[in-house]
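Below is one structure, written out as structure tokens; the observations come after it.
Labels for the chains are A, B, C and D, by order of writing; each one numbers its residues from 1.
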Amino acid sequence: MIKKAIVKIVSLISILIVLSFFVFALLYLAPGDPAEKRLTSQGVAVTKEVLDAERERLGLLKPFLVRYGEWLVRVIRGDFGVSFKDDMPVAPKLYAGLKNTTILAMTSLLLSLAISFWLSILSAIRKNGIADNIIRLFSFIGNSLPNFLISVLLMYFLCIKIKLFPVIAKGNVQGLFMPVMSLSIPMTCRFIRQMRTEFLTQMKADYVVGMWGRGVKGRYIVINILRNSIGHIFTIIALQIGTLMGGSVVIETIFRWPGIGKLVMDSITARDYPVIMGFVIIMGTIYVVINQLSDILSHCMDPRTNL
Amino acid sequence: MKHGTRREKRLRNRIIATAVLALLIILATTFAGILAPNDPYATSASSIRMAPGAQYPFGTDNLGRCVFSRVLYGGRTTIAATFLLVFISFLIGTVIGMLCGYYGGILDTVLMRLADIMLAFPQMVVAIAVAGILNAGMTGAMVALGITMWVSFARLARSHTFSIKNEAYIQAAFFAGKSDFYIIMVHIFPNLLAPVLTNALTQIGTTMIGLSGLSFLGLGVVPPKAEWGSMISEGRAYIQIAPWAVLFPALATIITIIIFNYLGDAVMDYMEV
Amino acid sequence: MVLLEGKNLNKCFNDKQGYTNALKDVSFSLNKGEVLGVVGESGSGKSTLLRVVSGMIPPTGGSLLYKGEEYTGKRPRKTGEFLQVIFQNAKSSFDPRMTMEKAILENGRGKKDRAEILELLKLVGLEERQLSKRAGELSGGQCQRMSIARAFYSEAEILLCDEITSALDVSTQARVVELLQKLKSDGKLSAIFISHDIALVSMICDKIMVMKGGRCVEQGTTAEVIGSPKDEYTKLLIDSARRQSV
Amino acid sequence: MAESLLQIRNLSASYDESFVLKGIDLTVYKGEILCIVGESGSGKSTLIKAICSDKSVRVTEGDILFREKRCGHELLGSSIGLVQQNPEGAFNPLRAFDVQFKETLKSHKRELDKKKLSGIFTTLGLKDAEKLLKMKPFEMSGGMNQRMAIAASLILEPELLLCDEITSALDVSTAIAAVDELLRLRSELGVTIVFVTHNLGIAANIADRVAIMYQGKIVEIGDAGDVLRNPKHDYTKGLLRDVPKLKLS
């Protein structure tokens, strides 16, 4: 058990190191030189002297790996550097954005789960029935809709046609409604599809036939099916977190929700690289940790699966 | 061929019908040059934001460009990019997966470790960052999505190669003195093609969603090039005045993705029967 | 003439469960025109023996000889020249996308002799039209005959049969056994026949080797082993078989 | 013989859109062991499914009567016990046996009687019932799971136990041991057993009566000794000839 835990932690750390290296390298893959990027994004006229001085100041003359090491140490301390745009530390901006994004994402996630769990059970139990066909149709369509499209359409019909909501979200519950809807609809549909498949797989499992053969009542069989699905459901949720993160960038940009996604899109437009790097590091870390946790949870639920 | 049960026949008909629709879309966008009534890039100050009519079936946008023509041309961009990306991922992933599954050992460990790490990152987050930093238009967006996309092909091809390799007929081929290359090309590749192609089909919808999402954010095509995601993004600003500039490309996106997803689902169901 | 010989074969597996000795000091010899039966229950090491002898896995100790020449460590690509394996699951020993004709030709090492294939088909009791079929369109018994024909086409002298009838129905099994008996009486068969069924082995083989826990517990002619078994385990197997016979 | 327990009258049934059972007539008497022998595709498994009123089997003609009443799913467990080929398939692999035993009993409105259960365990050669019940199926071997599955069927005291190919995944010597166990069960608990197998040898060991199935029909039925020694039907004769026999010289 302890050995497994160590393996898990080592793999977690190694994934994070690769991620950080990838992010750091990305900056150097980008067209142009970092010092120049910094200066241009601040609107300074670039001359050779200014450029050299800037390079010196940023430590760009040191070897690549040394710079990576120094950067990594700072990141681990929670220091994501200063913004190219206004020389302010990046970290507080990211954290402020993260808080708003978390509110948005968690609300959408919980809402989706609450709806999809019951619908997928209903759909699986009444397989090929009317309810199942309706649920499947809607979840299929919802799954095929990009969330930017949903948000634009929602905006058009709810805000402009029937003027139910303001177009621009404010940081309150009313403002939360539209972005949450835009994120939840496709996610709910994906959850329904995946959970339904999972429940159906469990319903076909040998033990269900065995219990049926002993005349075990339906409600006990359902309990067993749910019990055995939990592990997989954790995995399904954890994998959707990634989609949720990408989706929130789009949604926050559309509805001007002051989250980390909108921050990163503004920074991409402004070529403010430290913010982009910080964004990937933070989101990547959250995602990796959540996925490893879900692995551990599903291993606890089903010890036969590998950790 | 095997005699189809009723269910199989129904599924086959479903696949054929959807495939015809998909083909129609592909043809319509491929021959956009012939079908489009107007030049998609010609701006005209006299016909700004005109409602759909005889000359402009889907109306015009903020710059007086024909929305219908732009939808056709935009479809070509999206569909061509999607197919290219899926095809390249399919090629790279399948080759890597077959080699890993067949030879195993260090090669397998290293490449699959890499694949695991790729999957350990949130795909869209990485794609947004890569596309944003590279700033290389549609190519950038494709690279950004491709970084993680090959993995699903590689994993699938690997696991199938693995199970095929344990089949007795591969052993029989060894006893017949056949080379690794012969076995991979004659026995393994044809036998894993069906599931991997099915995966490719199901990836088309997802890839379209991803690519048009990136374009919507301004990380895909460079204006004025037509693309559905970016058209929706542009039209959004004046949706109150000219909703057709958003609704028609939106409709096109929805229909296309639904058709390809449906095709993927149907083929998947058919393979399971 | 001694065709195939194994001397003090050992095989250890070193996997996650730890160290397992799947084969301990097993020796055998096979003469031309002779069938050696290997009997054992699951976990006895009989399948490991087949895999070692055929070259699918190398032994950890001991040596293998073909006509007095050592071939220890040679892989199936080489050993396939003088021995062929008939697998338990006949259907999966043919590529599902390949016609029988192609599959048989594949085993000819470049040889393309349709007349010989037709002759072999007659020998195993199949018809020409079945050559254009694929494994999925033939029954288990037909596939097993086909794989015997395929093995003969390679001009290898030795057949290694791995539980070749255990996936078949009783009546189909009987037909395959009859085929093997006929091949043997024609002097065309030199084989190692591996099975869990001692009764079946006694019907086909000249010599029997009984295996348990990776060890050979008894070896001798069929009459010796069945008629006067010395080992307790052999007695148990014979007893179970007697009780199961009708 | 004694009173009849299960009566099948002129049963025809289809499965997967094709007819597999044609005009089956069969009576199972109380206390006997009836073996149904057939090769693959003979319809023997479908017959079992039909007796269990499995939804995938469509009965097109005839009746299945248990104690003069039509068979339904509600009889499963309490009156008719079913043990299947795959021993891992009987229980949810992830939950402890005691919970699953309790759920089985509660479904039939009964309570867990520890004494009775340990009695059954002893008959089946299972020791330390308390500890076994705390374990989960995936932690145990196939043979143990098989016994637990039989125990779970027996705890409901069914009058009829259907065993579907339960020895076919076992080694020869283990299969014989399993047969001995079933014989002991019958003598101690007096349960009636229908035993489905493809193995004539096993049938010869266990059966009071044997029914031979071929292409969806019962071609021969009678006392085990009669059928196996003096077969009347050509198919039975062929089958008996084809069983491998020990050759002494």
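Following the convention adopted for this analysis, a residue touches a chain if its C-beta (ideal position, glycine included) is under 8 Å from a C-beta of that chain, and two chains touch if they have at least 3 such contacts.
What you are looking at is a predicted structure, and each value in this text was computed from that prediction instead of being measured.
When the C-beta pairs in contact are tallied for A-B and for B-C, the bigger tally goes to A-B. The greatest centre-to-centre gap from chain C, using C-alpha centroids, is found for A. Chain A and chain B, compared by their mean Cα positions, are separated by 22 Å. Separating the CA-averaged centres of chain B and chain C is a span of 49 Å. Distance between chain centres (mean CA atoms), chain A to chain C: 56 Å. Here the CA centre of chain C is 34 Å from the CA centre of chain D.
The multi-chain contact residues of chain C, meaning those touching 2 or more other chains, do not exist; every residue touches at most one other chain. Residues 15, 18-19, 23, 26-27, 29-31, 140-141, 143-149, 152-153, 155-156, 160, 241-243, 245-247, 249-250, 253-254, 264-265, 268-269, 273, 276-277, 279-280, 283-284, 287-288, 291 of chain A touch chain B in their complex. Against chain A, the residues of chain B that register as touching in their complex are 116-117, 120-130, 132-136, 205, 209, 212-213, 216-219, 229, 232-233, 236, 239-240, 243, 246-247, 250, 253-254, 257-258, 261-262, 265. Remark: chain C residues 54, 56, 75-81, 83-85, 87-89, 92-98, 103, 106-109, 136, 147, 150, 154 touch chain B in the complex. Residue ranges on chain D touching chain C, taken from their complex, read 39-40, 171-176, 198-202, 204-205, 228, 238-249. Interface of chain A with chain D (complex): residues 206-207, 209-217, 220, 223-224, 227-228, 301-304.
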